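This report concerns only the one structure given below.
By written order: A, B, C and D. Residues from 1 in each chain.
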Amino acid sequence: MIIVMQPEAGEAEIAAVEARIRAAGLDVHVSRGTERTLIGAVGDERKLDPEMFDPLPGVERSMHILKPYKLVAREWHKASTIVDVAGVKIGANAVQVIAGPCSVETQPQMDAAADGVAAAGARLMRGGAFKPRTSPYAFQGKGVDGLCMLKDAAARHGLPIVTELMDVRMLDAFLEHKVDVIQIGTRNMQNFDLLKEVGRVDVPVILKRGMSATISEWLMAAEYIAAGGNHRIMLCERGIRTFETAYRNVLDVTAVAVLKRETHLPVIVDPSHAGGKAWMVPALSCAALAAGADALLIEVHPCPPEAWCDADQALTPGEFAALMDKLDALAHALGRRIDRRAAEVESAALAR
Amino acid sequence: MIIVMQPEAGEAEIAAVEARIRAAGLDVHVSRGTERTLIGAVGDERKLDPEMFDPLPGVERSMHILKPYKLVAREWHKASTIVDVAGVKIGANAVQVIAGPCSVETQPQMDAAADGVAAAGARLMRGGAFKPRTSPYAFQGKGVDGLCMLKDAAARHGLPIVTELMDVRMLDAFLEHKVDVIQIGTRNMQNFDLLKEVGRVDVPVILKRGMSATISEWLMAAEYIAAGGNHRIMLCERGIRTFETAYRNVLDVTAVAVLKRETHLPVIVDPSHAGGKAWMVPALSCAALAAGADALLIEVHPCPPEAWCDADQALTPGEFAALMDKLDALAHALGRRIDRRAAEVESAALAR
Amino acid sequence: MIIVMQPEAGEAEIAAVEARIRAAGLDVHVSRGTERTLIGAVGDERKLDPEMFDPLPGVERSMHILKPYKLVAREWHKASTIVDVAGVKIGANAVQVIAGPCSVETQPQMDAAADGVAAAGARLMRGGAFKPRTSPYAFQGKGVDGLCMLKDAAARHGLPIVTELMDVRMLDAFLEHKVDVIQIGTRNMQNFDLLKEVGRVDVPVILKRGMSATISEWLMAAEYIAAGGNHRIMLCERGIRTFETAYRNVLDVTAVAVLKRETHLPVIVDPSHAGGKAWMVPALSCAALAAGADALLIEVHPCPPEAWCDADQALTPGEFAALMDKLDALAHALGRRIDRRAAEVESAALAR
Amino acid sequence: MIIVMQPEAGEAEIAAVEARIRAAGLDVHVSRGTERTLIGAVGDERKLDPEMFDPLPGVERSMHILKPYKLVAREWHKASTIVDVAGVKIGANAVQVIAGPCSVETQPQMDAAADGVAAAGARLMRGGAFKPRTSPYAFQGKGVDGLCMLKDAAARHGLPIVTELMDVRMLDAFLEHKVDVIQIGTRNMQNFDLLKEVGRVDVPVILKRGMSATISEWLMAAEYIAAGGNHRIMLCERGIRTFETAYRNVLDVTAVAVLKRETHLPVIVDPSHAGGKAWMVPALSCAALAAGADALLIEVHPCPPEAWCDADQALTPGEFAALMDKLDALAHALGRRIDRRAAEVESAALAR
């Protein structure tokens, strides 16, 4: 950490800053420039915080030199983490696609969705049983019944399931119903008590980026989970909030490139929530893959116009299968491949 | 709700939209323009959602005409709501000031803080026992012990207390320790399960605005609480996230003016978190009051440089008392007044 | 400037950074920490730029310690600048109000506007003869004829005029028609050729903040003008662009407080463009004044519903006079006053 | 246009709105709902503006149904525009790459840059002779001398040139030196006088997106150029300003997909300015191509650490050639191809 003193700071003020650094167990290095004196704290600066120094007399500002995250940082863990979800590997060279409807509605809907997901060759299924809705009057999800429907539909094709946990009190139900991947949604990225709890279980977690969370805040949220002992964390970019109103969110592909450098954790992209319209999903999926995503999270519904939630962003099974073919070609051009279930793809191809 | 059809939309597509509106129990009004056909839904459009229409063939886009909030809307409840907190009224002509440290540290610290708050004449006390921290390695709050320290310190001066609830599992402890006002923090504004729970209790709630929440999302979060039966809700603007990096957040005074028009709920402003620096607090407090705030939430610490959290934004008791005097003069110029505890102010004035 | 080396940087890489610092004429100060080596450049770091170091091998990142602006910085010019506009002083304790219509339409409209402005006691008049419009099909302003109408209308009451310059080729016409204050609009804040030209003339300049300009970029734009020799610069906050869609812009009152600390230049606020609605103007004007603004720029039109531009944000002369009274009371509570033309105010008061 | 009346609006107020619509030559269609009366304007609503109605008594708000742009809209011009720059086609199936240094420095630097650009097979060359710099003390570009250097260097390989015009007074020099494509930079996107002037010449224009310009504002800026008679317009996405500070800008790939639907104009992406770091350029280039970009604008410098401007974002000729190979593979997977100069690529491949 560097503390920048005000131009008129005197020796007593410099000494007070030095004392506070030493009190925290770090060494001090003073540099007297022509316009400012800088005081460096030598040692593990993660014990320090700018607010320890900024209110002291004579201090102009102080700043960290190191990034605040450690367990999730690539600096401290060079090899990329590969998360194994019931045998499906996320973070390896092969790219995974997680697909399914926004929300669980009925067993027939989920069965049809699972058929479409599997037929296109995706190896993981998603579906929301607990839904974070802006309006208290909107459909709030099927709850535990929805978990069962999702699990049953996916089991017919051997697909591990991904579903969102909103309330810490439901974690036991998630464990009991053997949810394969717990998703922490955008609005809960900094629900720290929830992060602490999923940090204590042995289930992989997808941590979605908060709507306006910086990379640093997002990685610190992941650090909460890792600090609890659960290192099977995947980050999911889902579009950020900006000034633009022509589309719901701005898919931040720069974040994908930056995350691959800053952290060893796998990076997933959700192109469906980002754009908010089904017609944007293919272009955004391709862009995400090209930017380096390890997996995609795509909404697929057997009949989008009838969907109870986010109807406008789901692909039909046919559109999804066509997109999988396109992604496959793109992945090969990038030296990767889509990890597809071979047999079912074949039959799907026949059916098209 | 208005559904705008694509220029090439045919009669069958128009009929399908009409059918869907009627199926929801509303009437239909069609307007054929020179470039577009518009279909209006006549009735309670809150039953409808753009995503019910946008995926239908021939639809360009659809839009709500009415605001989505109802219980919290001034349109449906013209009189301003006044929330009574143990006899202290928020939302009336007299302006309240809620003051205290960012976090509860020790009983002596809380006692000194309470003395300073009371001496300056504020009628409510704040203090965080559960702290939402970006880093898992930072001080996370004193927990239930902190609640007790806050309650005890405030009780000596008869000050009702305001403190943040982060985890739904702690709600019983809040009730047991007779927390007078439950604060829902920025990061939990859309923690819908938490909102539902505080909607079921009979304790006033301060709902802070999410870091990048729109007015509409914020009021819908308040609607969650109101829909549960708890109508003693206060909104607190605390700065929004923008592109600017010279200060932590941008205090959105326009929101204050807009909220006073859109909702009947009291509007509070937190100038301390908004700016992030103690020296900004007086200017931002004055601006908030001038914009129409019903209350201010100000951080005061007996010794800011020693604070365990947000040290750089707390006022000393002396600075706070001086600010109260300034706010008082300003309030009178605006035709309002600061609701101050007369006797203690006098002794404070003597002490200065 | 501090250059942070990567953890694995070797001696040769450190030496290369040192050499580059010395080549620019500065001294070097190396600090070897436990996790990083830091290299400090001692001397006038304004000669250096992070991009001189960031591409060098072994460099992690580099950062300025000093602010980039100098002529406009309070650090180098402690006393507040007072800009004298034909005898009207902006930046002193007395607060100025600049009022008038968004755009110059006709001579009768301008005469009526000037009457209203003067009657309420404002001492400067605004009006746009050249209009930056989002649409090429919208009214683009009356041009030089408009300058004459504005000048004539204002002259009847001895009001100096403020009007926007968009095109560097019109500067001579502005000088010829004796425009008292040249306004540089939001969209031209970084039109550097225009800034250079107004830096060469002896006419005060109001520099509006770009829609998403940081404080630093804004002050550097002012530095362009100052570097040309024109030090009569005033900064005008007019709302920034954010994610919020419920109102046009977010008036950034925090910027007012920060600017008063960072620069010696006067700070003006335009509450009319910020909110975009006439009903918001009183609240935003009061907030701006309370935050420390030296002047306000308020739209007044003799008949707002008939205005050719921004009709929805102009006050009527009556509303404006009432606001002036309110601002006056507020200014006194803040230890300032509104600089009002006494005689005409009296007659206006009689007329109400 | 739809005008929404307030719930309490009476017949006289509705009649006033109707009268104003009819006065503009449009028909009226009234729809009386259960909570609001809506008044539709039937005809060319581009003659109307919300501000014509919002200030009228009884009006709640009014909104456009149609997009404001016309000449640049795909709705009115279904076929994609292909801009021919001295025989190089932008907007067709083959993707173009425009490469070169940020700024023109010396003739040897430009010659070396041109060699690298041509060797990698790019068909257009960029270089800045007039530089928009945040600081008045930074290098401002070589001016007209720079134009000559760029033209000469590019001519040796038959590359048409792209360079930025900042000042309307330099347009004649641009025409005289036969600049092949005029670039309008981010900071000048709404410099309307500049747009009008380039609208009058017969030279293709690249219009970069303003740092926080919406899609609608951007297309309206293009409409300014088109309205002047120049239809050879290309749009260039270069990253937008957001809350994120970990990288300079957020490359908005969603904009690419949306623009391809909204407008018939070619869409270019500048991955170099977006990320601000050379190591990000490959990932962002691939993402842009995958999202549907028609061309890329990439910074290449013979020796990036020695560049006078934006040194940290330029690729070396070798890195650029490798990227071209990668883009080529990707383009083929997308059913497109990179338009590369065959012969020189061959020799470049040999040289690697």
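Here is the rule we go by: contacts are C-beta pairs under 8 Å (C-beta built on N, C-alpha and C of every residue); 3 or more make two chains touch, one makes a residue touch a chain.
Bear in mind that the values here come from a model prediction, so they are computed numbers and not experimental data.
Counting hops only between chains that touch, subunit A reaches subunit D in a minimum of 1. Between the two copies, subunit C and subunit D, the C-alpha superposition involves a rotation of 180 degrees in steps of 5. If each chain is reduced to the centroid of its CA atoms, subunit A and subunit B end up 28 Å from each other. Averaged Cα coordinates give subunit B a centre that lies 31 Å from the centre of subunit C. Averaging C-alpha coordinates per chain places the centre of subunit A 40 Å away from that of subunit C.
Listed for subunit B are residues 212, 241-243, 245, each touching two or more other chains. Subunit D meets subunit A in the complex at residues 212, 214-216, 239-240, 242-247, 249-258, 261, 274-275, 279-280, 283-284, 286-292, 329-330, 332-334. Subunit B makes touch with subunit A in their complex at residues 46, 49-52, 54-56, 68, 132-138, 140, 166-169, 187-188, 190-193, 196, 211-212, 217, 220, 223-224, 227, 241, 277-278, 304-305, 307, 309-312, 314. For subunit B in complex with subunit D, the residues that touch the partner chain are 2, 4, 7, 29, 31, 33-36, 38, 40, 42-44, 63, 65-66, 75, 212, 241-243, 245.
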